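Next come two complexes, and both contain chain A; in the first it sits with chain B, in the second with chain C.
Moving on, here comes the complex of A and B:
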């Protein structure tokens, strides 16, 4: 049967021996795993052993374009990157915007798999069937922007880049992978995986190959419906105007805004970290959109301070991680820090978590020698100290070498006592929402294969900020009143739905904003879109089952890598220190509360009490090939 | 009674599209007395000077569905006193999505 929407072509590049080949796939794989994220999880099962060291040549890194990418569908240009993470030691997927996925498809590929490691710095150049491994000696050591500019000079303005910066080269555990400089697959240390392979990046030419959809007329009608839904979604309109940092004041008002390293959940200076303020105060000079997107949530910002900065961002997570999280209400400094993180190739969430930990650790009487090294005290709101720490981490200089290892390793080395305020779990620094107050987020973060992070299962509807959010919570749980923070009812059901929807969203290349932050596409529309695009019949139920298959496969991959119930947890501070909200209430995620939610969630998923998918469920989801590993895990406990 | 010689002109911005549709303006200058106001007094002053702004506060809860920032700081408490001077800025907006 003819393939539609995708090419069915996976490009393999082995950097150890220079071998390059193409593997084909058909509708059977596409129907089971929907697209990039799902298919790459399936490939990972075969390609990455549980014993593989994330920074060894036998780790693979995959880059995949969505099924709808390259078709006339709005907000469907997201690219997924999959690898074993040096931060968490397990399977990891990351998502990035920009144009790379679109151009990858226009060059005739859906997925690239990078194997092995080069001895010398290289980059991969892709121009249709012409794929070449080229020397990157002249690029090694360059920051992302300089390397991008150099490559664009050589390959033309219509080419696009996926690159690492100095942080990736230095194997910083939270080094990012950047697309067109400012779009970032930030989390999990994918940049360090590329660094370990001596791969500076990938260049795709503009490409000339298109994909067909199975039912063009129907697809176009549905695409127009998506456009209308986006334009009628109040939250997405705000995101277009104020960027992702338009979330700041919503979180502040609901006391879910983590500041001072999660010691407060609201802040009198929060507005200075908000998208509305960037507009009001004149920092915004333009909006930037990813391929195919009509929202354009990225910000083009400028400040004349710090020698002048002209950049993209900061996003919400950055605005908080390097803003209130470290006591920083200086918007000019925030823009500068964001730019440094971008060009050095650092994940701003982890970076902000590390700097906040340094500041609290210093305040509590540790790391006193840092004053000499930094020339200033690393105290809350000291942007000079923060800027110096960013430079040191990116280059692994002085204290930066320890901090480049991430919180879980750094805190143990300084003093295990300091791990109490190292706000991380499973090796990943916590994203920027207070999960003590937002309980669906708490459960989602505990279960997330990435660690305590929002870009795997964003349960934004929990806040009930919009009518669309309230309706979604009602549709999932039957109770409209269960929308709202501080509530525990129905959270396992809410998380399960979002996990499945997110897996489909990632796999087709949609931006999660239109399915789980704004609500322009639900599972009914999604299934119609998939059928019109690929010709493969789906309905709302079957496409959510496909989402469940992907989520379950990712779980069993991690089970094979050692994950069990004990790892479905949250940072010490979140589970042991109460947070006071604006209205004087106190919240914590107790072990009892988390266990109650986990029990119910495992029951819904048909997993064992220890969080292992049961063979019957694996069979039902057509994941029989994983059953031997499940049985092994069930026997070992 | 406030002293007219203390009049100052300050900028008020309506940032969010749903509010712009209700109020009918994106930006305006208003003249008020220099000095200290509670947020409640300030909102009443704004309502009296900006047509249709009252409708916003009739339908949206302050601090949940509509926000007021004065001089770069969002104020939630109606009794909170703010100081208005020549450089003051006021912004009014609703919530957005993010992540």
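Moving on, here comes the complex of A and C:
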């Protein structure tokens, strides 16, 4: 059967021996795993051993374009990056916007798989069937912006890049991968994986290949429906106007805005970290869109302070991580810090988590020698100290070498007591929402294969900010009133639905805003879109089963890597220290509360009490090849 | 993706986006250089129209070079003829999806014709700056 929407072509590049080859796939794989994220999880199962060291040559890093990417579908330009993470030591998928996925597809490939490691710095150049490994000696050490400009000069204005900065080269455990300069696959340390392979980046040329969809007329009608849904969605229009940082004031009002390293959940200066303020105070000079997107939530910003900064961002997570989280209400400094993270290639969520931990640790009487090294006290709101720390971390200089290891490792080295306020779990620093108050977030973060992070299963509808959100909660649980913070009812069901929807959303290349933050596409429309694009028959139920297949495969991959119930947890602070909300209520995620939610969730998923998918379920989901590993795990407990 | 007649040039490091599209300039240099007369003016829309059967295809490409606004897109692997904005025959699809209203349908008056020319010149100046920056 003919393939539609995708090329069915996977480009393999082995940097150890210079071999380059193309592997083909067909509708059977596409139908089972939907697209980039699902297919790459399946490839990961075969390619990455449980014993593989994330920074060793036998780790692979995959970059995949969505099934709808390269077709006329709005907001479907997201690219997925999959690898074993040096931060968590397990399977990791990161998601990114920009134009790279589109250009990859226009060059005739759906997925790139990078194997091995080079001895000298290199980059990969792709121009259709012509694929080349080229020297990157002249690029090594350059920041992302300079390296991009250099490569564009070489390969033309319509080319696009995927790059690491100095932080990736120095193997910082939370080094990011930057696409189209300012779009960042930030989490999990993918940048360090590329750094360990001595791969500065990948350049894709303009590209002249296109994909066909199975039912063009129907597909076009549905695409126009998605356009109308986006235009009618209040959350998406707010995002277009004020960017992702338009969330700041909403979270502040619901007491879920973590500031001062999760010691407060709302803040009098929150407005200074908000998208509305960036517009009002004149920081915003333009709106930037990813490939195919009509929302354009990315921000082009400028400040004349700090020697002049012209950059993109900050997003919501950065606005909080390097804003209120470290007591910073100086928007100019925030823009500068965001730009440094951009060009050095650092994940701002982890970076903010680390800096906040340094500040609290210092406040509690540790790390006193830091004053000498930084020339200033690392106290709350001291942006000078924060800027110096960023430079040091990116280059692994002085204290930066320790901090570059991430919170889970750094806190143990300084003093195990300091791990109590190291807000991380499973090696990953916690995303910027207070999970003590938002309970579906708490469960989703505990279960997340990445660690406590939002961009894998964001249960944004839980807040009930919009009519669409309330309707969705009602559709999943049957109870409209279960939308809202602090509520525990129906959370396992809410998380299950979001996990599956996210798996599909990522795989087809849609932005999560389209399906789970805004509500332009639901599972019914999604299945129609998939059928029109690929010609493979799906309905709402079967496509959610495909989502379940991907989620379950990712779980069994991690089970093979040692993950069990004990790892389905949250940072110490979230589970042991109460947080006070605006209206004086106190919240914490107690072990009992989390365990109750986990029990119910495992039951819904048909996983064992220890979080291992049971063979019957694996069989039902056509994941028979994983059953021997499940049995092994069930025996060992 | 390869069908759009609007070409967006980008300088990503500066977050600069420059959309270029045919403004049906009076001299129609594309039509003038076409060796087979495959480009004519569509009287209904005032836009250039490509007579596909007459076009020599990828080997020629003279119209692409002649367009002062870089507004002709040619992907020989997809189509054997150049893509020039034809306003979708009078019902432009881009306008329907442009919710902020950057793209609109406007009656072609003398004053608007002048405004459009100024806008296009501005874009062209910006584009030339970018092209110069990345010249080797």
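By our rule, the second predicted complex is superposed on the first by the 637 of 637 C-alpha atoms of A that agree within 3 Å, B and C clash if a C-alpha of one lies under 4 Å from a C-alpha of the other, contacts with A are read in each partner's own complex, and residues count from 1 in each chain.
Assume a contact is a pair of C-beta atoms (placed from the backbone, for glycine too) under 8 Å apart; a residue touches a chain by one contact, two chains touch by 3 or more.
Because the structure is a prediction, the values reported are computed rather than measured.
Peer 1: Taking the superposition on A as described, I'd like to know which of chain B and chain C A:234 touches: first, second, both or neither.
Peer 2: first
Peer 1: What is the contact status of A:571 with respect to chain B (first) and chain C (second): first, second, both, or neither?
Peer 2: The answer is neither, since A:571 touches no partner chain.
Peer 1: Return first, second, both or neither, reflecting whether A:484 touches chain B, chain C, both chains, or no partner chain.
Peer 2: In the superposed model, A:484 contacts neither chain B nor chain C.
Peer 1: After the superposition on A, what does A:72 contact: first (chain B), second (chain C), both or neither?
Peer 2: second
Peer 1: Once chain A of both complexes is superposed, is A:327 in touch with chain B (first), chain C (second), both, or neither?
Peer 2: The answer is neither, since A:327 touches no partner chain.
Peer 1: Considering only touches as defined above, state whether A:275 meets chain B (first), chain C (second), both or neither.
Peer 2: In the superposed model, A:275 contacts chain B only, not chain C.
Peer 1: Taking the superposition as given, does A:458 touch the first partner, chain B, the second, chain C, both, or neither?
Peer 2: In the superposition, A:458 touches chain B alone.
Peer 1: Looking at the overlay, what does A:244 touch: chain B (first), chain C (second), both, or neither?
Peer 2: first
Peer 1: Following superposition on chain A, which residues of chain A contact chain B and also contact chain C?
Peer 2: Touching chain B and chain C on chain A: residues 237.
Peer 1: Give the list of chain A residues in touch with chain B in this complex.
Peer 2: 234-239, 241-250, 252-253, 268-272, 275-277, 279-281, 315-317, 454-455, 458, 460, 465-466, 512-513, 517-518, 582
Peer 1: Write out the stretch or stretches of chain C touching chain A in their complex.
Peer 2: 1-3, 9-15, 17, 75-78, 96-100, 130-131, 133-136
Peer 1: So in the complex, the part of chain B that touches chain A is made up of which residues?
Peer 2: 13, 15-18, 63-64, 67, 69, 72-74, 76, 89, 91, 93-99
Peer 1: Quick check on the complex: what are the chain A residues that touch chain C?
Peer 2: By the definition above, chain A touches chain C via 70-72, 74, 99, 102, 106, 145, 148-149, 152-154, 156-158, 160, 180-182, 208-210, 224, 227, 230-231, 237, 240, 286, 288-289, 292, 294, 298, 300, 310-312.
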